[in-house]
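By letter and in written order, the chains are A, B, C, D, E and F; residue numbering begins at 1 in each of them.
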């Protein structure tokens, strides 16, 4: 039995509230249950030094949590003067995930930065962030297409992410905080519509997986991501 | 004529959405027009070193803007590794303002941290933050009273803040971004219900004030803060 | 009764020792009683990036205290690796104050940096710094005029600053450390010769002002600044 | 055809040179072909604050590359003043991997730090580091057992890691730099002797996996780790 | 011929102005010609962690230059967020030099920090700082003796420092900036009254010394330090 | 009697293992007894800003110790976020020493960075680093000559360094850790083949030198450096 009463393959309520803030070229408030993340996409007409003059664009991400997004207040990274290893790991993952579905040549020499700021955390913040970042990116790209700044769509496919884990011996989908903090193993899957895998991060401290366990988690992830893809489509009006 | 069509002594629409996030002891989403700030109050049963063993509590504040709260994306302070002088100035102001209405002895040896995170900026972020922080603090203090952790109310009065300025030669109340960026002078007033002044920061670059001009801004500020006090009362259910 | 025996509207002994150091384009040792600050003005033939090519100059300031300028030794900011919020607040105030009397177009595309280093502190270091920085700036500008690098005087008026406060219930002028540390309220006024106000920072922790109290402090500040203007004139040989 | 002429399931020459440095409680120079990493295990009779008084130990890791371990010189992290996101990701992975085979209660209240310093890089530095760190840890634990400081062996199983990837369309084992820099996809597997998976990090930028591809890489990883387990045994004299 | 017209073995005018600032336990303004350094000694009744409970004291030093102490403005180390290698080298040298004449056991468990802040630089700032730091330390120690906090004098001998160099082929004493910037070689000598050497730092970039050259510089240093010892005696009233 | 049984003028076993790593333009593993340092020379076709366009090259150095190079583990400078004063002092010394024998004009507008990473420490790490850095630099310069990138040899002479000290009252050559930690005085000599002195750093805490003592140490240093020069010649194949 899951603490929330959900079935093993049942996602939490997922919602995307597009155009959540007014200045960004794309923005959304994504909720996976009580996990809430503001994702914005900011377009800049410049690329990082290593890409200058190559006719290609770049997609990158930054991630943060408000200090009191969590049960107890965490210290503010800006006040401590550095980002934690966890923060850097997550923002690198978000960037790679979105680049895996972006045609950087079609984007042209511009950079899109995806800011993912968690305002309330209840497990799965990185997977909500990836799923929401796609919506913000899609909205920003739609704006570029509408303005005629680019002609070919650089974002032909969707990407989504979800966590799965082994909780009290059973594989379950979309762990919330209560499950996450006592799960035997925890895996994040980044999947691309159509069935391919962009990234797997399956981590165990203490417990370990066998091959069959990993595959069962992957199958749950497919179920979850299909639900997210549908919600993303609705959010961007497709 | 103000860009927004408001009368000189007219505030923007003000709203407080209490209990905006679920983990903090007090939380609110405050809006001054399109300026939106999440304020949370976090109670910790410890005080800073300089107060240990003195039987007094402490109230402090931290302030930040999401990178894309503004028209163009600003760099993330956590990524740069330090808080700007502007950020530090504002968070010191918020802390002083809230302490000016808190009875630290009545609070007992505990600290309340007010996190003010701007999710959308359109002028007046620091005054919205102070006004919202009071609501978050009030909700947290109500919780302490209800649990019997404190007996006397350490927060007997309200505090609110508003900016005023001289725009195209006329004193106006509650500047939005369009006004703020071309105002001749700009002042932030922190007022206490009942009529006292907690803090004045009247700044001019290029333009200057005379005594009469300062007083006219102060009178506008009283009008604005009275409206905020009423909205705060409603938000905390009084 | 003031600890120093001064009348409520009596300044401490004020002195400016111009040309205190030999390398800077302008320099002065300013004393407000036992508060002593070395102010230097350094001219550089470049402007910050945001002003390049605009035909305008810039005036900025940096502030510091020697570790043992105070009763007990403070840690050195260079050793700690960052400037405190207080330091940043003060140096931003000094910069704004001097820019309020500078015609940046007349200065041309060059930057003048005002370094204010407190070698002994006894209250009022920021107001002494602003008053001294004007002398250093005047001397540097005189040099530019004499060399023919600029033709119109970019500094037509003087600026000075003084602190006032409510000490044991009475408004008093130019607080020293003994008064400052037990004052009910404390305000810094930056005034321009001729009567205008460049900046007011009236702060209260615990105590608060009413309108009349604020005006009484402002009147004391006028008395103080007039005395400083006279001493500045003498220091620069006018 | 692989650039090195290796078969798809062929590891590079692997060697462990135990006791490589004399001060550490355990040390080894591990080579995966031209990738060379010094791993040391340092025992300290204290644990991090979050574990104090719980009767448990801790295993943690730090990772670095000499600036000229690579084809072109990278800047030194100590000189830049911060560790890159990549460095932090890797050292967190090493720590988790070693903790997955350590019985922290049996270790007692002491910490073992595994320093992995790459002196020459040719692909696979993190997997060589994990495999070498186990040897250093084993040697340090053997010392604790011999001195009677612990009685039960806290390290009953071995852990090893290897990278696999899809190079020119074919799954290959133990990528070297030439392969790594042009591989379509890249995965790091951390495996435990006996067949369990401690961690999978399968990453794709541009290319993506399907389920079958992931499993083929996992099967290659098993081949590679079995070879490493044998070499580890020899290195620690078992 | 030296630019200043001095004889090869002639010091610049040396002066010590004791009690230059009022808060420090010992303070002095030391001038070697146009090089001017404020030295203060601050007594604290605690020692660094590595000395706690050993019944010994500690003497340490910090060094800094005001940004415009030099011909062109240098950036402020507190603003840059770190001390340069040169600054750290110098403050370590000052600390070692003063400790070479201090009986740390006689000092008891207290720390004296010597702050050396250069307000005007014209060559030889580190040697002026060492010579002045001794005066500040002597004054602070005299205060401890007078208050009866220590009984035996922990500072039985004087220490002084001077630079020598080879300028246009000739060994000269006490280089000023003009000489220093074009000298073939440059050496700093820290000497103890009575004839012993505490430290030699003889550095050459491009040029080099032979044994005879080094000895000639050492003999000049003895002449210089004897003059400094006499001036130190006068400054502390002996 | 020395702890190692060596004669007072006897060096430890010295060895240079050239081409120790494969990517650097020059590399060597230098051993002075149990002190082992990897030195690499990296050639970059650019110079620091202060030299651009002057037709001259630059030689600079960086130094570090692996955390467990020493008896007890030291914290990693990259993790702490700054280099210690000791590290900076040493790397500045290495850079100056190598520049003292380099003809920077003959090198042309390119920079050679010497990375000296101590993998095992037993006293004398800085002198081993200087001696090894020369070998790495020589190998890199030989490569430039062979490729015809430079025509005149910019490194006509050798440089080497050794420490000497007064141990139990006797001058001894090449101190190891046991001697260094209890020596009365300690001096590092950087000598140039042919007999000149590039640098002397003779430091005493507590003990002091007289002129005769300094000269006796210098004579020991000549003996040691002559042995190093011979070993360097062999390492670079001359």
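One rule holds for everything that comes next: contacts are C-beta pairs under 8 Å (C-beta built on N, C-alpha and C of every residue); 3 or more make two chains touch, one makes a residue touch a chain.
Going by UniProt, the chains are A, B, C, D, E, F = Ribonuclease PH.
Everything numeric here is computed off the predicted structure, so don't read it as measured data.
The chains touching subunit A (Ribonuclease PH) as well as subunit D (Ribonuclease PH) do not exist; no chain touches both. Greatest centre-to-centre distance from subunit E (Ribonuclease PH) is found for A, with centres as Cα means.
It takes 120 degrees of rotation, in steps of 5, to superpose the Cα atoms of subunit A (Ribonuclease PH) onto those of subunit F (Ribonuclease PH).
Sharing over half of its contact pairs with A-B by residue number, the repeated interface among A-D, C-E or E-F is C-E.
Here the CA centre of subunit C (Ribonuclease PH) is 59 Å from the CA centre of subunit D (Ribonuclease PH). Inter-chain centre distance (subunit B (Ribonuclease PH) to subunit D (Ribonuclease PH), centres taken as mean C-alpha positions): 51 Å.
Spacing of subunit B (Ribonuclease PH) relative to subunit C (Ribonuclease PH), judged by their CA centroids, is 28 angstrom. Under the contact definition stated at the top, the residues of subunit B (Ribonuclease PH) that touch 2 or more other chains are 81-82. Listed in ring order from subunit E (Ribonuclease PH), with subunit F (Ribonuclease PH) immediately after it, the chains are E, F, D, A, B, C. Looking at the complex, you find that subunit C (Ribonuclease PH) touches subunit E (Ribonuclease PH) at residues 21-24, 27, 34, 36, 38, 40, 42, 44, 62, 64, 66-71, 73, 76-79, 81-83, 87, 113, 115, 117, 119-121.
Taken in their complex, subunit B (Ribonuclease PH) has these residues touching subunit C (Ribonuclease PH): 82, 85-86, 88-89, 91-92, 96, 99-100, 187, 192, 195-206, 208-211, 214-215, 218.
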